[in-house]
Each structure stands twice: as C-alpha cells, then as structure tokens.
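Note that subunit A is present in both complexes that follow, paired respectively with subunit B and with subunit C.
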Partner chain A sequence: MSVQPLTLRQNFVAVTQLRRRLPFLIWIALAVIFFVLLAVLFAEQLAPLSPNTQDLILRAKPPSAEHLLGTDQLGRDILSRLIFGARAAVIGPLLVAVGGFTIGIILGLSAGYLGGNTDSLIMRWVDLMYSLPGLLVTLVIVGIVGGGYPLAVLLLIIYFSPADTRIVRAEALKQRVLPYVEALRTLGIPRRQIIFRHLIVNVMPIIVSYIFLDFAFALVTLSALAYLGVGVPPGVPDWGRMLFENQTLIFANPWAAITPGIAIVVTAASMNLIGNWLFEVFAHRTEVRM
Partner chain B sequence: MTRVWLPRLIVRRLLVLIPLLLVVSIAIFGLLHLVPGGPVRALLGDKVATPQTTAAIRAYYHLDEPFLIQYWDWLQGVVQFNFGRSIRTSQLVTDAIRERIGLTGFLGFYGFLITACFGIPLGIIAALHRSSFVDQGIVALTVVGVSAPAFASGILLLYLFSIAIPLFPTFGPGVDFFDQLKHLTLPAIAMALSAVALIVTVTRAAMKEELQKDYVVSARARGVSAREIIFGYALRNALIPVTTVLGLVFVHMITGAVLVEVTFALPGIGSLLIDSIHAVDIPMVQGLVLVAAVFIVAVHLIIDILYAVVDPRVRFGRVSE
Partner chain C sequence: MTDGRATLLDVENLHIVAQGNGTPRTIVNRLDLCVRRGETVGIVGESGSGKSLSARAIIKLLPPGVSATGKVYFGDIDLLQATERQVQGLRGRHISMVFQDPFTTLNPLKRCGEHITEMLLPVNGVPSSARRAEMLRRLAEVGISEPEAAERYPFQLSGGMRQRVALAASLAKDPELLIADEPSSALDVTTEAEVLKLIRSIQKARGMGMIFITHNLTTAFAVCDRIYVLYAGSLVETGPSKSLLEEPLHPYSLGLLLSDPPVDRRLAKLPTIEGSVPRADQVRDQCPFAPRCRWRAPECVAGAPPLVNLEGERWSACIRVREIRAEMARLAAQARRDEKSIEQPVNSQCILEVTHLSKTFHLRSHDVHAVKDVSFQIGENESVGLVGESGSGKTTIGRCLVGLEQADGGTIRISGIDASDYNRLSTEERQRLRRTIQIVFQDPYSSLDPWQTIGSCLSEALALVDMPPSERKQQVESLLKRVGLPPEYANRRPLALSGGERQRVAIARALAVRPRVLVCDEPVSALDVSVQAQVLELFRQLHAELGLSYLFITHDLAVVRQMADRVYVMYKGEFVEQGPVAAVLDHPQHPYTQRLIASLEEYRNW
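Now for the complex of A and B:
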C-alpha cells in the first residue's frame, strides 16, 4: 500500500485520463515516424525536385507554388532537401542506438550477472565515460583527424554504450535473483547460456524501449555535429547541416532555417514519446507478472 | 575523527585526479600527431613548406625528439599556461582564451541559473500534482525539451522573439552588464532548455519517491504541515540526486555553449573552438580542450565534495574506509 498526496478518486481520474490521453499522443508519434520512414524509403518519388538541383535565379526565395517551403542560398528546394534529409536522420541514429546497446548488452549482462571484479572493472569504465562530454570529444576527434560520418557514428556508439551498460546491468541485477535463474542454475545450464539465452530475453523489453530513447538522443547529437560541420559529407542533405547553412536566411526565407529544426525536434520527440510509453507498458507488465 | 573528513576527502580525490589529468593531457598532446599529413603540415598552416620553414618548425617543436620528450616539453609550457601561438592568427593561445572566456562563462552561469530556477520548482510541482493535467503538461514539455538540440531551439527562439516579436537583439554579445544580459537571454534559454527538461525529470522522480516513504507518512500522521513535509523533509532528501545531475548539467553547458555561440554569432570560446577545428589550428584546439578538461574535472571534484556535505552517509562511509 502506498500513500500519496492524492486521494483515491483523484488517482482513479488520473489513471482513466492517462488511458484516454496517452494513446492519442502515441498515435501522433507513430504517424510522424511513419511519415519519416516513408521519406527514407521513397524520397525519390515523394520529393518534388532533386535535393541538389540549383536554381541560381531563385535564390533564398520565400515559399511559392513552385517551391512550397521556398529555396536556400543556392536556389535548392527546401522541401525536397527536408525529405531527402530523413535518410541521414534515421540511418545514423539507428546504428548508434543498436550499436550502443549491442555493447551495452554484452557488458551489462556480464557485469550484472557475474558481479565481483568483472562488475567493478566494467562499472569503473562506465563511470569514467560518464564524465566525458561525448559530443565535444567526437567533435574534436572527427574535426581534426577526419573520417567523417562513419567515424562520428562509431565514436557515438562508444559514447552511448556506458549508459546502455548501466541500464542492462540494473535490469540483470533484478533478474538474477528471480526463481527461474535459480532453477536454470540448479539444472546445471552453463553460465553463458543462462546469460545470453534466458536473461537476455527478459531484459529485452526494457532494451527495446531504451532503443527508442537512444535513437532520439542520437538524432539530436548527430544533427548537432552536422550543424557544427562535422559528419555528413558536403552535398548530402542533413537536417542539422541545413539549419546551419540556412540560418543566415532567417530574414529572406525563415522557413528555410526553421523547418529543419522542427523536423529534428518533432522526430526526436516522437521517438522519445514512444520510448517512454513502451517503458511504462513493459514496466507495468513485469510488475503484474510478478 | 570525523572532524577532519573534508580535507582528507579533497586530498584523496586530488590524488586520483592528477594521473587522470596526465592521461588526458597525453591524449590532447597526441592530437598534433593525428592530423592527416603529420605534425609539420599542421603546424605550417597555410605557409609554404620550404626546407627552411620545415626545419625551423621541427626544431622549435622538438619534433625530432621521441614522443615522450616532446610531450614533456609541451607539458612544461602548459603548466605555466603557455600553449604556444595560434597557427591561424599567430595570437598567443592563452590571450585568445582569456579574451573570450568571460562571455562563455557568463553564458554558462546564466544557463545554469535558468536551469536550476525553473527545473527544480517545475519538478516539485509535477511531483505534487502527480498524474494530473499539470503533471502531464510538464512531462510533455520535458519530452520536447530533451528532443530539442540547443541550435534548433535557438533558431526558433531567435525567429519568434527577435524577428516576429522584436523583444531581444538578434546577435552580438552586448557592451555593459545589462546589455549583455539582454543579448544573452535567448542563447541562455536555448542552452538551458534540454537541461531544464533533465532536471525536471530527475526532481520529479526523486520527489515522487520521497513522498511515498514511511517518514513522510509518519510526519503526516503526527500532523506536520504539508509545507513542512514538502520543503523541510522530502525536498532535502530529493535534492541529493538532483545535486549530482546539476553538476553534469554544468559540464553539458560547455557543449551547449559551443552550439549556441555558433547560432547567435557570439565570440566566446565555443565558437573559437569550432573555428580552430575547421582551420586545424592545433595549439588553439589543444589549449581549449585542456581548459575544458580541467573545468570538467574541477566540477566533478566539487560535486563529490558537495555530495559528502549534503549526504552524511557518504561522509561517514568515506571516513571509515
């Protein structure tokens, strides 16, 4: 029994409100992600123009029938560039989220299940990485050494993995003491099999919800890098880079500067909403099951 | 015995930090050798590579010596705040940083202040009205906040409050204190937005947890007023995790400053870093990164000490170690 500063009736109202309201927001978020994925897959068909076609007569023009969101400094169509930019906005963050968790699962499950020296060694590394501003480190290394987008993605995978390790470890610690693990151990199942066949399945729901949250954060970080001129090669449409290129047009064609920012925020917010929602759903489910 | 814990704690932490800083400084020095084309090319900048200039550079930077000797020479300069001269502008790195650090510091403190003044109260309000419209509204705002990188929110704020509704100047750092305050308000808000979201989330979660604890129940049973329970009991405990995250926020203000200084065309050390990276101005990058590293380490030291001050359990745990 928990005592809260809310009455029973207020709690009941809140829960029913949550049921009715949350899916609505989630529907919007899912719709946003659906459209972004459409843009990724069918950019050629959806975009009215090629993203790199320059029209030097129609430079930095506000929206018109021909260019729905106007043009940038080089006369390129903003809408087409936004649609093509969805690719860079999905592929990199997806690699970072999945890659970070691949490392996180291996280290986190080992640390959480094995404990002892393995645990303290892994957690020491995690603590060290936690104190680094990853965006700055990536910025300096990629900026100086070169290596572009692939290196930036790789460094971000390394930067994301400590947080993922910590999440998986906490979950593994919770699972480790449950009867099914004890049963497996009594049956003489090898440790490796317990970890990577049985524990992993029960940790997966939490990981899936965090992959969405990581995706959102990776999108924000990668577009910040692109904005600062590190990452996608020149010419490839990227929302962060577009924002940088077009911010001086804020008087001539404000849409050129604002819409890439909106695209980043809306996509990231949708992924965050879905991730949070999945987390609540999964957390609730495991609670009921136990 | 417990009276001398603070100096002891500081000394112990410093002993850990010195090797850490050494490792970081080796990495920073190593940057020079990671430049494509090698260190001589990097140090030449846009000068022509004649045998004379190449030889002069090799001699001046001791490039023919082993790596560790080069590092040692460099480190001796660094501890005396001598990072060499910028390749791009030939200005002393120390002077360039000194000129610009004030603006970034101002911006960082301003952003931090906004974060603390809005983040903590909003988090408390959300926790007190859990699952209500107020709570859900605040949570929705945090989702937008963590999804908005500083440059995207910066450009939106710039458009809304400088161009559509001309309340604030569009760019520049301002001249005196109040002018600067006015010029840096939008950048500071842009930078603080995602940090506010983070602080709200942490405060809300910590406060919710504390309010469910037994000591709150017993205080309520004894008839302690709601105000006393919230501010005198629950908040004090909830602030422990918040303190840690506030420290991290301070560190992330550096990242925010880099982005926002580019968006708002501010001459701080963030925009200096970007310009230097694009110009492969190694001495300047090294100086700036080292300043950032020392700052981060100092913040972590302060968090550790504050943590021990705020939470007696940490203090006693450390002393009995």
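Now for the complex of A and C:
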C-alpha cells in the first residue's frame, strides 16, 4: 500500500529527469533529419563532386583537402556518395512506413470497428504474416526475381503492414467503446462516416508517431538488404551498399566504411527519438481533460 | 489557535505550481491549514480547486512537474525541506493516506490479508501466528469479521470491502494523521454511508488526526470537525462544520450549499451559480469567486482578499462579508423553507412502452442477469426517473432503448415502432426511431469527438434531418442558444470547454434531430456541484419548452426528486418499487428503497 508510492515516486523522478532531457535530444534529432532532408533535396548543389566520377589514380585514399572523407576502391568521393545516398535512405523507408500504414489503417479500422467475421479474417491473415520470416522471404524473392529496389520496397510494405494493422486495430477497439462513438451511432451517422471521419482522426496521433518508428526500422532493414546485395543496383549510392562495398578498405580509408554506418544509425535513431517523443506528447494531450 | 489540543500538522503559505511545457501554472495559492491531534479537518472543493494536490504535497507525493513551496510542519520537521528518506520514514508510520479508488489501490495479485501483514510494524521474534491474529484483529476493526476474507484476492471483494481493506492497511502502522482523499466517492450510496461512518468511528476511537478531502459538502459536514473551503486554488472560508453549515460566511460556500439539491422536496427553481470554475491562474490577484459572485464590487477584483477572522474560529476571505452577511443569511433561510412545488400527475399518451425486457451478459465464468423481466411506460412530456446503484442494470435499460445493446427478451415500442431489435428494422424505420429517441451520456469529457469543432459536430447531426447546408450554420447557433452557449462556441473544440459546457453541447447534439424522448444516463454525476444545478435547470427548461419526455437514469435521489414525475427503483436487475416521486421518496415501501433513503438521512444524525 504505502510501500507502492515510494517506488512510484522513484519512477516519477526518473521520468521527470527524462522529460527534461528529452527536448534537447529532440532538437538534435530534428537537426539531423533537417540535414538529411537537405541532402535529399539539394544533393546536386551540396555534393562537392558527382557520386559516380571515378578517379582510378586516387583509389582508396584517406581524407584529403580534395576528398574530405577520402575515396573508395574506384576512386569515387565518399562525401558525395554519402550525400547522394540520402535519397535511397529516405525515399524507400518513407514509402514503406506510409504504405504499410495505409494498408494498416484500412484493415485495422475495419477489423477494430466492424469486429465479427471481418475481424477474424483480417487477424488470421495478420497471424499468417507473422509466422513468415518476412526478411528472408524478401531476400529470396528479390534475389530470384531480381526486381531490385522497387520490389524490395513493395515487399517490405507488405511485411510491415500486419504489425501496423495490429496497432491501428488496438486503437480502434479503444475508441469504439467511447461515448462519442456511441453517440454518433445513436444519432444514426453511417458507419463509413464514423470510421473515416471520426475514428481515423482519433487514431492518427498514434499512427503518426508509429510512422516515424517504422521509418527507422525500414531504413535499417533496407540497408541490411543492400548490404546483403539485394535491392539497390550496383553503382547507385546507398548507405547500406557503401557499408558492404567499402568494408575491405577499413585500413586504407576507414571513413569509407564507418561514415555510411554512422549515417544509418544516426538517422534511424533520430527518427526513433522523434517518434517516441510524439507518442508521449500525444498520449498526454488526450489524457489532459481541461 | 484557541483549542487546547496540540497542533499535529501546520501548513503555512503552501503554494503549488505545475511546470507544464512552458509557463508555470498556479494550482494552489497561499494555503494555510492546521490539524490538531484527534481532529478531523475537511478540505472541500470542486475539481480544479487543488484539494487533492494539497494533500499530496503534504506527504510529498506530487506528480512529476508539480512542485510545492511554503512550510508544512509535522511536529518540528518541515516536510517540504525534509529529504526523501526522512519523509519515507514518516509515511505509513506517522502519516498515512487512503485513496479514492479502491479498485486500483490494492495490488491485484496479493491476498487481502497480505496487504495488512506487510504493513504491520516489524517486531522481532513474533511468531507468524501472532502476526496473523493481529492482521485479523485489524480486519475486524474495519468491520470485516469473517477470517476467510483475508484469503481472498481484491477482485473477489466488493468496492466497499476493498476500501475497508485499504483502510486497514493504511492504519496498520498506527499513524497519527490519516489523509483520506475522497475515500467514498467511488462507492454506492448505501456503502458510502457505511464506509464514512466507519472512518469517522475509527478516527474517534483512535484519537487520530484526519484530513478528509471531498467535493461534497454534506459528507464533509457529517465527518469533519472543521472545514476548509477551497475554490480555484484559494482558501475562501474555514470554520467549525456545524456553524459553517448553519451560516456560511462566503458567497461561494453559500452557493455550493444551495446548489446541492434537497432530497426531501422539489424546488420550483434550482438555485445555480452562473459560470464555471476559473483556473487558479486567472484569479490569482483577486477574489477567485468574484466573476461568479452576485455581490461583486470593484474592490473584490482589486487584489487577493486576505482571510479575516470574524468570530471564534470563523475565517472568511470575503472582504464584503460584514455588509452582505444579513442578506446571505436571509437567502439561506429562504432556501431552507422554500416551498415545495407539487409535481403534476401526467396523464398523457404513452410514447414509449417496455414489456418484459430482459438482458443477460454472458461472461466467461458466469452469466450476469443485468435486466430481469422489466416493464414500464413513459408518457408524452413525462419525466420518468430510474434509480439504482451501480450494477443494478439501469444503464443497460437505457442502452437497450437506443439500440446500443440488444435485449434478449421482451419488447420495446417507441412511438408505434417495434424497437426490440434495431437490426431488424428497415433503414427508414430505424431513421425514424433515431429521430424519436436520443441519449445523453454521463461523461461529457469523452462523449464528444475531441478533434471536431462544436459547430461541425452539430451540423453533422443536423445533416441527418436533411437540413440543407445553407441553413445549418444558423441552426447551429440557435441550438447553442437553446442550451445556453454563445454562438462563438461553434468554432471551439471540446478541449477548450469546461465539463458543464461540454454536457450542454452533448445535449444540443441530441436535440439536433428533434427527438421526443431523451434518455439521460447520469448526465450530471460527472459534473461539479455548482455546475450540476445549471445543467439540471437546463433539462427542466427544455422539458417545458419542447415537451420532451425523459428517462432520467441516476443513482442520486435528490436529482430524481428534482427531475422526475414518476420513479422506478431498480435493484439487481428488477424494479422493486415504482410510483409518483413524492410517494416513493416520502413513504418508501420496499426495504431497499428504505435503506437508500435512510443512508442519506443518516448523515444528519451523526
């Protein structure tokens, strides 16, 4: 009884400290994402050199004034490749996160609100998807069919959607029993309107924060696929692929292998931080009553 | 202080601030409070008055982001300056706390006995059999005499029993001060009276100091020796409960007292306090009650009024108290002997008829017979009350009527349509039915879509009655006006509205489809006392103007007395008594109704 409050109190202290630290971290995370987006939009202007210009004389050289992060085995400028690599790092994961949730919203809201057979059918499909080793399946299919990056992204969308469906369904179940939904039902508002005008807005905060988390996970997954040689074709600058191609240069030019790794981790971590922070913000907004 | 008893707790100039994201927000402003040994002190206030946080500040259990300054002396230790370790040593042993919700304060995985045994003071060399005996003695003290109860898990006990166990656990270390934060508010009327009586008798028997926090003046008067009335974070009045009840010396205390409707008679007009409780910040440097006070003068908003001693232990923060005292006394006296308004017997055509309705919920372990073979009628322009405690099945009936729940047996006829099964109706019939019967829910905080503006919420409902978009805007305004809200509210979202205002919007939304029957499911029980009366008065007004029929579902007999013409008393899924309100409440026949009424009368006789 009164023992509980003590441990609770300690929890409070920890949470308070975290909250105070959080905004600062969020600033950093937002700055990182800002720079990544800059790289996506203005790669041509920002990059000192073309990412594909080969300089076979200056192969695998450490950083110099000409090449700030050195060059890779084919003498391509690492910094320029990093900047151009941001495109693959943002577009793919973004498509995966948004695509996964588009499926997730449609299926999750239907399952959660309609219930019954619809719910059973959708959730059994989700269970089935959960039992497949999604990453492995993607690896095999893309490897055999050879569809490259677009196919990998498409398969990841399907691979991500069951988890997203579960999230949306859980949230829809929570909302469905609230008096405001019951009031709309008693008024005689059509089901479609309740789902797509009211429920969807109320589950959106959760979805938005999860999109960030999904983005981070998709970035890591796509990079892993690229590292394994699946997805982006050779030549196209991509952080995961750079990591793979340049790992042999670890002594000649360590930056060539380390910086893409850092880029992946920092971008993914930033997106994760923002997602978690949004989650907290939204959770509080709905709790506050007055 | 004049009393000979030693001071146990002395709070001086307590200031509580919430450090949200951005600007700090005042929650409690300069609170002084003292508790003597063996005395029960009540802190009375509505939501937002800061009563709960004040109590939590005393034992340093404030939530994150909320901080307190000032002095809180317990003996000669200043608790606010003390280290966490020091306070930890005091909690339980010297100061203990009982919380509102007995459903969440007990660890669900521990048997009731263990909750108490773990709290008993550690004494070396005592055999476990003696500890068990002590634990049973403690349970007996809170009125649980059968030893088997100690072996049960919390979920196997009723709310009242759980609160008793929680109380026994808080008392296990024999504290000198007990802080009870709304200990009975989550309980049913009859259980509430028992628990309050128990707390009071234990406090007296032990000679323990107690701080009793409540939003209900009546219970405060029954339990406490002295009362502090808090409003929007400021102390407005304090005094011995008896004399405060007889003559409140602050317009707010008077208003609060008057707006609590009486159970023994029906008032022609319910006294209300206009407006709603402001935030503590908005009224920091003025009399907090001034915006709603009928005696407001320029000097009231010129600065924060100090607490002034009037006589004996009576203190009031009203600077005009001497001028308006006679007038306040006259108003109070007038309210006490306010004439009864006689309920008119309604002999109108029946609009809603329920016969042999039953509903059973099939849970995993057992079946719950929520409604058993119930029949009743509601006439045109008639207001029917449905009274019962939680779990009596009253809400289930309301939900069956509007099609949110499907009855197992019996028939429901509303305005000539068979509404027993909404799914079997044709679209057109269902539509007609929904324009005949509507519902207003208990919790105004969740009955509106938080992201939708009030205007869009109302026009969405108006669209259902085929109103062309061009007329909707004007109709929204007239709906808002009808429920007493300014037209600008159409652009606001629910978050910017107080509880009472939200409930008004919910009523307006129900009215949008021009129903003839309104099911009101505990529509005021989530609202503050001072706002309750306003909303009840609105219901009465709509009844008179629109000729609506009501099914008023409530646990509160006073509300039924004010609102209903006829009443049905429900107990465990069945009607045990029915008839005109005056007849049932004045001369109850069934033992259950008698017990309900007795538990209310009891407060006055302690």
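The rule is short, and it goes like this: the second predicted complex is superposed on the first by the 271 of 290 C-alpha atoms of A that agree within 3 Å, B and C clash if a C-alpha of one lies under 4 Å from a C-alpha of the other, contacts with A are read in each partner's own complex, and residues count from 1 in each chain.
The working rule: a contact is a pair of C-beta atoms (placed from the backbone, for glycine too) under 8 Å apart; a residue touches a chain by one contact, two chains touch by 3 or more.
Values in this document were obtained by computation on a predicted structure and should not be read as measured data.
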| item | value |
| --- | --- |
| Partner chain in contact with A:L187 - subunit B first, subunit C second, else both or neither | second |
| Which of subunit B and subunit C A:S80 touches, first, second, both or neither | neither |
| Touching partner for A:P179 - first (subunit B), second (subunit C), both, neither | second |
| Touching partner for A:S161 - first (subunit B), second (subunit C), both, neither | neither |
| Partner contacting more residues of subunit A (subunit B vs subunit C) | B |
| Partner chain(s) touched by A:T71 [first = subunit B, second = subunit C, both, neither] | neither |
| Touched partner set for A:S110, first subunit B, second subunit C, both or neither | neither |
| Partner chain(s) touched by A:F217 [first = subunit B, second = subunit C, both, neither] | first |
| On subunit A, the residue positions that both subunit B and subunit C contact, one per complex | 2-6, 15 |
| Interfacial residue positions of subunit B with respect to subunit A in the complex | 31, 34-36, 128, 130-133, 136, 140, 143-144, 146-153, 155-156, 158-159, 163, 211-212, 216-217, 220, 226, 251-252, 254-255, 258-259, 262-263, 273-274, 277-278, 280, 282, 285, 289, 292, 296, 300 |
| Partner subunit A, residues of subunit C touching it in the complex | 47-48, 60-61, 63-65, 84, 88, 91-92, 96-97, 105-107, 115, 118-119, 166, 169-170, 402-404, 430-431, 434-435, 438-439, 441-443, 445-452, 460-461, 464, 495, 498-499, 506, 509-510, 512-513 |
| Of all residues in subunit A, those that touch subunit B in their complex | 2-6, 10-11, 14-15, 17-18, 21, 25, 131-133, 135-136, 139-141, 143-146, 216-217, 220-221, 223-224, 227-230, 240, 243-244, 247, 250-251, 254, 257-258, 260-262, 264-266, 268-269, 271-273, 276 |
| Interfacial residue positions of subunit A with respect to subunit C in the complex | 1-6, 9, 12-13, 15-16, 19, 178-180, 182-189, 198, 201-202, 286, 288-290 |
